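Next, two complexes with chain A in common: one pairs it with chain B, the other with chain C.
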Partner chain A sequence: MNTLLKYWAFVRVGVVRALNERGELYGRLLFLPIILGVFYELWSAVGEAGMPTASAPHDLVWYLAATEWVVLSPPLIFNDVQEDVRRGDIACALPRPISYLGSMFCQGMGMLAVRAPVLGLGLFACALAFTRVLPEPSDVLWVAAFGLAAMGFIVACYLLLGLAAFWLDDVTPLYWIWQKSLFLLGGLMVPLELYPEWFRELGSFTPFPSLLSGPASALTTHVTTPAGIALATQLLSWSLGITVAGALLFTHVTRRLQLKGG
Partner chain B sequence: MDRVSAYWQFLRALGGTNLKTALAQRGHFAFQALFMLINNLTFFVFWWALFRNVETIRGWVIGDVQLLYGLSAASYGVMVVLAGGVRQISRWIDHGELDPLLVQPKATWLYAVASRSQPSGIGDIVSGVFFLAMSGRVYVGNSWLAVFSVLCGACVFLGGALAFYSLAFWLSRTETLSRQLTDFLILFTFYPDSLFSGPLRVVLFTVLPAGFITYLPVRLIRDERLILLPVLLLAAAGFLSLGVAVFQRGTRRYASGSRFGLWG
Partner chain C sequence: MSNAVTVRELSKSFRIRRARSGGLSARLHDLIAPQTEAVSAVDRVSFTIEKGERVAFIGPNGAGKSTTLKLLSGILYPDEGHADVLGFVPWRERKRLGFHLGTVFGQRSQLWHHLPARETFALLARVYEVEPALHRARLQLLTERFALGALLDRPVSQLSLGERMRAEITASLLHAPQILFLDEPTIGLDVAAKAQVRALLREQSQQDNATLILTSHDTGDIESVCQRVIVIHGGRILWDGALTALRQRYLKTKRVTLLCDRERLTVDLPGVQVLTSANYQTELVIQLDRTTLGAVVDAVAKGSTLRDLAIEDQPLDDVIRTMYADADRS
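Right, the complex of A and B next:
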């Protein structure tokens, strides 16, 4: 029980941090109507051009709103890990009676608890204003449930990226590669069915489709219970994989940690 | 004439120093440039996927979009390589770090913007040239039009960014807002103008002047409408002057941070 309370304290720290760092959140909110407006026009134009897609332009706008929600909500926690490694602050965190990775993950989830609802409401309002069509409540529930799970996974991935600071000066380029792979293989802007077959097959070997296209597909196609079970299984398997990878990597890097000065 | 020559020497010296700084961390330099190149190519995959399914989108074919991407990436790349300091201006104002520049004999805005260079801009320039070459719209005979458009676009980008980042003189902690406004400007340069109509179109030729960075240059190169040459030149001079005027006006309100430190 005590252990849970310790981690809960870090969740609260994350909530307070997110509330204090409102500027970035407002900036992202400002971005939402612009990007959805541009894509609403684009999908209308593509529809006029007769693109062979099963989805109506307004469904594609809702799809983009859902994928943007998953991408924009997770805090870039790798920056904090990178700074801790660079400054050597990580050495002070190691003797604490709480896992460093666990505490950072909880902090990230605390920040997510503020960011996800705010951005979610913003995106919902913008998508509704552009399309004037409401999605089915069951589809919204699907997006919310799997989207939140995907965000938790993304926070865990950011922690792993941050640990790369033990080898690299700056982990930003690594983040760019991860981000672009997510955009492309996950289907950020267009549903994966518009990509060629070989491209989709390539994506199926990665967690990216289950992070973006998986949760958002409910808005463009009819989803079934078996599809939900399959998606949940994929997310769980990848989460298990990343937890093990994170634990092994952290054990490895802390073993080779050398302190200079005090 | 002496004044112009003095400024030219000053800019060359600043450029040389920036280059030496960048090359001192060769790995970082190459990494940044390479990843920006990959970044730009990645975003084009979206258009590639769209044009696999349709031939034209409101009169635009894939070659036109490549031309649009090339112009935008190259213009932005030139801007951040030659005037990368513009992205730091908000922070310098907020932290009261402009003091060392205010006492310099050269124009403060010029010193501020040219005192930094972003290595990622090289990646933008390389990807820009790649897209221009792939578009099938630029050939040896009209390549001067592309170079002219890129230089004018870089001036418009700089003018816009200078005005956005100078907002910190009036409002506190505006770095995020300024970066967002600059990002919006970049974002709109990447989409065909036929998607936008009504009041938004006016915005795209005034507040967020993407129209002068890519829309008109695309028409200049694709349709060889030479009448647009003076329009682009005027727009470049106008937006750059506006950005400088906003910065200069802002320096009257600047409050020193009274910090001791080294500039460089």
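Right, the complex of A and C next:
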């Protein structure tokens, strides 16, 4: 019980922090109507020109709203890990009777608990304003459930990215690679059905499709219970993989820790 | 009295990158196949510390002080050797030891910058599984002692360095640790803040009967807080004993101020240097290996009436500098 309470305390710290850093959230909210507006016009123009699209323009805008929600909500927690490693503050965190990665993950989830609803509502309002079409409640529920799971996974991946600071002074290039891979292989702008077969094949070897296209696909195609089970299995498998990788990597880096300044 | 810390033949080396000399090709070579070399930070160090003892760990930069503390707190893994801290092997049982350990790394922060100090303390109480009632009582005690009352609700990022250090030390004491590792706890503080932190550390460790290990370049920290000194240099222990014994062993000069009935004084003894002599006051430095204090007093008393006498030891800084120089020579 005590263990759960101490991790819960870090979730609360994350909530407080996200509320303190609401300026960044407002900035992201301002970006939402721009991106959705541009794509609404784009998909409408494509539709009017008679060019093939995977779905109706309004469905594609809702799809984009869902993928943007998953991409924009997770806090960039790798920056915190990187700073802890760079400044050596990790020396203060390691002797505490709590898992460093666990506490950071909980802090990230606390931040997500503020960011996801705010950005979700913002995106919902923007998409509704542009399309004037409401998606099916069951589809929204699908997006919410799998989207939140995907965000949790992304927070865990950011922790792993942060651990790279033990080798690199700046993990931003790795983040850049992660982000572009997610956008491309995950299907950020358009559903994966529009991609060439070989590209989709390539993506299926990575977790990216289950992070973006998986949750958002409910808004463009008819989803079934088996599809939901398959997606949940994929997310669980990747989560298990990332947890094991994180634990092994953390053990590795802490065993070879060299703290700057002694 | 039982031991709080037992260290046997503990060694730790780091691998550091060594850049090749030369132009662009050397840089490219470094990028593809970096050269590294092992640097010994701690070299077969052994010592024991009893429960409740206050020990200073001193040495020049890179001597291995902080590395030893980090080995003892389980942050670093040793290459060889054994350590036992309160019955735990630190690097294997870091989290279990963590419940009984308080750390302050003067150049690092254990506080959450975006949170007010009070919330940081509450979070730490959760981490260390301190009962809420106990936490409240302990926080009240430490808040009064460290004069933190007005600062508790301010975000840590808005505290001055001195205020932050008081908050850092409070954070490390909240769970009433049995052992405290303090790595340069007064670094960057002004004279008044240093004195305050030193007094608080001494009093608090006495009150809790906590073992305290402190590293510092500031001899004031050592003199004010600790009873015992371990001097480390090049990863090896040069001295381990009482502070007074260190002074006796390495004290080479004494500074003497004399007041007598002669306006100016000359002392013609080997190893005596008159620094100033005017207005019936004379300041001398005596080389203790060449003459004794008694001989100087006798010599002065022969030619004049001695009215007052003040004797100052060589500053501890000088003593330690002498030790480092001796070690470098050998």
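Criterion: the second predicted complex is superposed on the first by the 257 of 262 C-alpha atoms of A that agree within 3 Å, B and C clash if a C-alpha of one lies under 4 Å from a C-alpha of the other, contacts with A are read in each partner's own complex, and residues count from 1 in each chain.
Keep this in mind: a residue touches a chain if its C-beta (ideal position, glycine included) is under 8 Å from a C-beta of that chain, and two chains touch if they have at least 3 such contacts.
All of these numbers come straight from a predicted model, not from anything done at the bench.
Chemist: Look at A:31 in the shared chain and tell me whether it touches chain B only, chain C only, both, or neither; answer first, second, both or neither.
Modeler: First partner only, chain B.
Chemist: Classify the contacts of A:23 with the two partner chains as first (chain B alone), second (chain C alone), both, or neither.
Modeler: first
Chemist: Given the touch rule stated above, what does A:128 touch, chain B (first), chain C (second), both, or neither?
Modeler: neither
Chemist: Does chain B (first) or chain C (second) touch A:9, or do both, or does neither?
Modeler: second
Chemist: After lining up the shared chain so the two structures overlap, which partner does A:89 touch, if you call chain B first and chain C second: first, second, both or neither?
Modeler: In the superposition, A:89 touches chain C alone.
Chemist: Is A:253 contacted by the first partner chain B, the second partner chain C, both or neither?
Modeler: In the superposition, A:253 touches no partner, neither chain B nor chain C.
Chemist: Considering only touches as defined above, state whether A:183 meets chain B (first), chain C (second), both or neither.
Modeler: first
Chemist: Which parts of chain A are touched by chain B and by chain C alike?
Modeler: Correct list for chain A: none, the interfaces share no residue.
Chemist: Which residues, counting only chain A, touch chain B once they are in their complex?
Modeler: Against chain B, the touching part of chain A is residues 23-24, 26-27, 30-31, 34-35, 37-38, 41-42, 45-46, 48-53, 169-170, 173, 176-177, 180, 183-184, 189-190, 194-196.
Chemist: Can you name the residues of chain B that touch chain A in the complex?
Modeler: Contacts found on chain B: 28, 31-32, 34-35, 38-39, 42-43, 45-46, 49-50, 52-58, 173, 176-177, 179-180, 183-184, 187-188, 191, 194-196, 200.
Chemist: Going by the contact rule set out above, which residues of chain A touch chain C in the complex?
Modeler: 2, 5-6, 9-10, 13, 16-17, 20-21, 87-89, 91-98, 103, 254-255, 257-259, 261-262
Chemist: Of all residues in chain C, which touch chain A in the complex?
Modeler: Touch list, chain C to chain A: 14-16, 62, 65-67, 70, 73-77, 94-99, 101, 103, 105, 107-110, 112, 114-115, 119, 122-123, 126-129, 183.
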